[in-house]
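To keep things clear, I will list the structure first and then write my remarks on it.
Letters A, B, C, D, E and F mark the chains in the order given here, with residues in each chain numbered from 1 onward.
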Amino acid sequence: MFYHDKKLQYKVRVDKPNPQFARALQQAIGGIEGEIRVCLQYLFQAWNARGPVRYRDMLLDTGTEEMAHIEMLATAVCLNLEGASSSVIDTIVGNDPLMEKIVGGGDPRHYLSGGLGALASDANGVPFNGSWVVSSGNMASDMLANVTAEATGRTLATRLYEMTDDAGMKDMLAFLIARDTMHQQQWLAVLEELGQGNLYNVLPIPNSFPQAQEVQEFSYAFVNTNIDPEQPSAGTNRRWTQGPSLDGR
Amino acid sequence: MFYHDKKLQYKVRVDKPNPQFARALQQAIGGIEGEIRVCLQYLFQAWNARGPVRYRDMLLDTGTEEMAHIEMLATAVCLNLEGASSSVIDTIVGNDPLMEKIVGGGDPRHYLSGGLGALASDANGVPFNGSWVVSSGNMASDMLANVTAEATGRTLATRLYEMTDDAGMKDMLAFLIARDTMHQQQWLAVLEELGQGNLYNVLPIPNSFPQAQEVQEFSYAFVNTNIDPEQPSAGTNRRWTQGPSLDGR
Amino acid sequence: MFYHDKKLQYKVRVDKPNPQFARALQQAIGGIEGEIRVCLQYLFQAWNARGPVRYRDMLLDTGTEEMAHIEMLATAVCLNLEGASSSVIDTIVGNDPLMEKIVGGGDPRHYLSGGLGALASDANGVPFNGSWVVSSGNMASDMLANVTAEATGRTLATRLYEMTDDAGMKDMLAFLIARDTMHQQQWLAVLEELGQGNLYNVLPIPNSFPQAQEVQEFSYAFVNTNIDPEQPSAGTNRRWTQGPSLDGR
Amino acid sequence: MFYHDKKLQYKVRVDKPNPQFARALQQAIGGIEGEIRVCLQYLFQAWNARGPVRYRDMLLDTGTEEMAHIEMLATAVCLNLEGASSSVIDTIVGNDPLMEKIVGGGDPRHYLSGGLGALASDANGVPFNGSWVVSSGNMASDMLANVTAEATGRTLATRLYEMTDDAGMKDMLAFLIARDTMHQQQWLAVLEELGQGNLYNVLPIPNSFPQAQEVQEFSYAFVNTNIDPEQPSAGTNRRWTQGPSLDGR
Amino acid sequence: MFYHDKKLQYKVRVDKPNPQFARALQQAIGGIEGEIRVCLQYLFQAWNARGPVRYRDMLLDTGTEEMAHIEMLATAVCLNLEGASSSVIDTIVGNDPLMEKIVGGGDPRHYLSGGLGALASDANGVPFNGSWVVSSGNMASDMLANVTAEATGRTLATRLYEMTDDAGMKDMLAFLIARDTMHQQQWLAVLEELGQGNLYNVLPIPNSFPQAQEVQEFSYAFVNTNIDPEQPSAGTNRRWTQGPSLDGR
Amino acid sequence: MFYHDKKLQYKVRVDKPNPQFARALQQAIGGIEGEIRVCLQYLFQAWNARGPVRYRDMLLDTGTEEMAHIEMLATAVCLNLEGASSSVIDTIVGNDPLMEKIVGGGDPRHYLSGGLGALASDANGVPFNGSWVVSSGNMASDMLANVTAEATGRTLATRLYEMTDDAGMKDMLAFLIARDTMHQQQWLAVLEELGQGNLYNVLPIPNSFPQAQEVQEFSYAFVNTNIDPEQPSAGTNRRWTQGPSLDGR
């Protein structure tokens, strides 16, 4: 069961509203690297979990936290759109540039569909898509999917940080970036635990499948599809082309 | 900010697992009439709200409750898929009917992608789509969208109730149906309040637009596009074709 | 069976072509609040109707009218893109600003895919999606979905009206707004008729389900998920938290 | 402007309702080869047309006819679902096979979302998608897109014809197949007219682009990407690998 | 089986990076008229082919070539985004116009999600959609679909050519346009071969269906849905309204 | 540039055609865990790569190999549908069960749209979606996304292996599973190399962002959102809740 209070997890402040930044923030709400995705992904993994209860609990804890991140970002979108409302009517007449700003640089649906509110879409107005919610029934697969989500999510957040010089927005993003740092740690810690202290022990995923049933001559060989003898692929002396495998097989 | 505990809002019990009913339940999770939609819809409306705080609070309260409904339904999907796992390997060999049940009547992705867990999709495996999340910035529009969501949602829930004879599932659905009953009431109560006790006073929505600017000869006239004099449209003596308008204009 | 003539339902005139406004108008064609949606929604409801013939006829009449609205808006998009064609080649060379206008503020696919014609997409180029077409088999649900569509549609149309100072466009929108006013009336009139003169009598929707089978202690109780005693939810003295229910039960 | 009467373009009769055939018919309504697509495609091409009025008129005439085909097919879906309704409650209890038929072989959303009515989706419940509506601003491209749509549409209709032994359904499909035969003719006739009596004269499409600006050594050469000298690609003596080009250049 | 080398099929050079043109180029990568679509369409048709091996081989040859076109265009997108990276941080502060260029005129996801790389999306950021991949099992339908794809694709490429004055980009597009010229030829050559030298002999598609089973009075009649006697449809003396049919039936 | 020959990478044999297994195989072609996704993902990462050439080469090598996997699976789908064709017409008449098999257990579009060929869709007929193609511009993020894709892909392949008792299909899947084993190794090997022999050194991703700018008190703290003191979250003594972080900070 879920509960809430009326506070944000961390303060959200916008010094100078910017509809274009509001649009960019949408990627962190409804984009594939965004918070709706991780929220639903962790919660579905929790609800579908059949293994040790500590993993389920952890997923519920963090999935619930991600709800609070959607909340913070939606609030930030609204604050970045604040003030645009009244100016719309006043300045449109004979003033193409503002029109351009609203319709062009920003997301026109922020005004047309949302009345200056956040949407469940990405920075191009493409709606959030439930196919992104990975819950595979295999804990190692899921943890990798989660680290990936936090890695692409943190990459996105740092790019948003670089795009703005609004001190309030930078502060909020610095918080979200910190959380992504932690979340990368925690999903990897589960992988390490699944591998009894060595992440590579979980390989190959899923390790419930008897490797003897693989066509084993292809299990550890790099396939070179480059047919040009004059410009061969680089990296022939690297770990993926020679030497022992990571999982020691 | 959001919180959780480890309890469900209401008990979820499945007496006889049924992968086909698991598939049907997905409509109530990730379909357009489902709980992910209302959850995000109410929460986005809350986060985007600029009016009286009581509406925002109410939206937060109920949006958070809907999280608990997704949780109940995901749990129900898992329980309906329970037991299918081991039998898959055992009985597939030389046994087409089971294969048919898993791949045909049920959602094959429940096994292939979810490992017998719930997905963020509808009963046909079509992913949840963020475009369904209505938050228009106009309170009356939003409340109508919410009543509609609860009306189609309750219609869906009663159909699921009719499709199953599993006592546990019927009980869970009877709870969700009750909540939909209440939620229809509460969104309509806001509409009534917006209309100072008479819902029709909010018409036309949005009522901020000066009706004098409409092309008024078309504002209250029914347009008949039926060109067949021998089989005219019925209902010519009804309120939409004659008499005073609902809003008294 | 359907027919047409070569006239528009109402005149469409653009005084000063504007590719950015063409983009904004797309929301009213292919967006979730747009005319393709209501057109198909009313027609599917008509074709699926099994009740009194007057409702079916009414849905056919208005669904057909909405075809004419798509036609008007597509015409308006074309007129707003008019004149852009020849200038593209002439001025692109060494002239970034125009490039920006075409690719940025407007929808680049208006030129790239449409050759300066309207598309079946929204203001962000996201294609029309059939999932928006609600036809539930329950007349009250459908009527609520229809009022909602007209409420969000009229909200959109008034915002488009505010965004432009083109007299021709304002006139066209003033007509479409008037039609939305009427359509809100007519769907609500059906709801009122279904409730024998009192809309609340249709509650809960669907009212074919025996309420005795609900878990009734939850049918009329507001669930407060706010756990903060210091900042409780407002509205505790409102109709959704206390007093008689709207449907008198 | 559009009009309707209460008749179908051609009679629709179902001798023995079949929910599974209802599902298959959905492909002809909301699938990429279906009637919503051609209806909107021809109408958008008409509304966007800037050339000779006879093409615009023809597109309007046929686009309007396609509306009547959606109507016929939606009616057919309803008739195929007829009778299923009451049996649902009666026979579900203790009767897995029927459950399987409704949820498995048929589209469960026909019941869950549509109340036994047609949907704006394909045979797998995937919603109609506006991206399929081709209106390129180039008449030759559009005519090719239209012939293709009628070719894949007629292919679909003949397969539906083969799948059913219901005399009523076969008759309806025999009508729709006949219309597809004609529509293939008419779009090709425009292409022939554009080529002054020889379709190949319209090549390459668009022929407004000066071919001298192409990198001409690649304009009429077949590129063989097969690198296996022992199993070379067949067809080296065919018109696409040698001899004069179709357009005589 | 597939192979590659490290060369491009044709040189790709960008003289002056332009993020807005990078966005426009995306339509040719991930749009419905783009190279991912034709690549997958030809390859799926090849893999699904059951007829003469020369058609299968031809489809494989050209499908593989299209891979090289995606590669060229992705390279072009990267080059057009080159140099934008460092300037982002430097100039955003106090410099709205650049912000506008990145977020507005260009695709913000090129930076936010792609780190200045190409995406599998169209010019509006709408993802590539597998529904566009036509492989109908009917060779004539497929060839028409392929000519259409090359016609709309070449139309797109010539528009991109017109939009840019970058000599490198014009050269690359002049190559791609030449390939589209050829590909239109080759698919039509198959159609001609299927019709024993006369393309019209393949009509109606599919010609495996016995035309005697059509409702033949509707097989060659133009249906006029225009009801206005004062403004009748033009073209009553054209080949689609009178005279012999194209297929001589 | 890309090339092909007419061989498959590994033999594909189907002993007993099975349309339902054909449907399940679609998940491995056009599903989020499937081969189109990894093919495009690796190729886009290669084309977008700006770092050491050995990573780019490796991505090209493996992306090209994945093309061969799509080819194998499409071939497998066709073989599983083989023989169904003629029986369709023969047995439909008066034979509901087969109808059920084709429309229900299998994907009806395999016949209706594909003429018994493979589609660019998943096991529910949901089209491949380009949003799944991750190419972030950050090598560590991309490698994690790639390991995840191979982990969920191998999980899917082993489930398909369990679902079938067809020796030919088991052999093909045993090959694909082996390749997934290898691909997991190779992407992890790059991560290890990026971390100078210790994968954890790449944390946090992206490590180009100065951690001093994070709100550091939240960078390594687990946030417990469980409010129930009686049923606290398990795992309080685990590496994600206490002790040194994985990256030693």
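The definition used in the following text is that contacts are C-beta pairs under 8 Å (C-beta built on N, C-alpha and C of every residue); 3 or more make two chains touch, one makes a residue touch a chain.
These figures come from a predicted structure and were not determined experimentally.
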Duplicate of the B-F contact set - from C-D, D-E or C-E, the pair where over half of the pairs recur: C-E
Chain pair with the higher count of C-beta pairs in contact (E-F, D-F): E-F
Interchain centroid distance [CA atoms averaged], chain A/chain B, Å: 27
CA centroid of chain B to CA centroid of chain D, Å: 32
Centre-to-centre distance between chain D and chain A (centres being mean Cα positions), rounded to whole Å: 38
Two or more partner chains touched - positions in chain D: 2-7, 32-33, 57, 60-61, 64-65, 100, 104-105, 113, 115, 121, 124-127, 129, 131-132, 136-138, 152, 155, 225-227, 233
Chain B - residues contacting chain C, complex: 3, 10, 32, 52-55, 57-58, 60-62, 64-65, 126, 129, 131-132, 134, 136-138, 140-141, 144-145, 147-148, 150-152, 154-155, 158, 161, 171, 174-175, 177-182, 184-186, 188-190, 192-193, 199-200, 203-206, 208-209, 211, 213-227, 233-235, 238-240, 245-247
Residue numbers on chain A that touch chain E, as the complex places them: 18, 20-21, 23-24, 27, 31-33, 100-101, 104-106, 122-126, 152, 155-156, 159-160, 162-165, 225-228, 231, 233
Interface residues, chain A side, partner chain B - complex: 1-9, 30, 36, 40, 43-44, 47-48, 50, 57, 60-61, 64-65, 67-68, 70-71, 74-75, 78, 113-121, 127-133, 135-138
For the chain D and chain B complex, residues of the former touching the latter: 2-7, 88-89, 92-94, 99-100, 102-105, 107-109, 111-113, 115, 121, 124-127
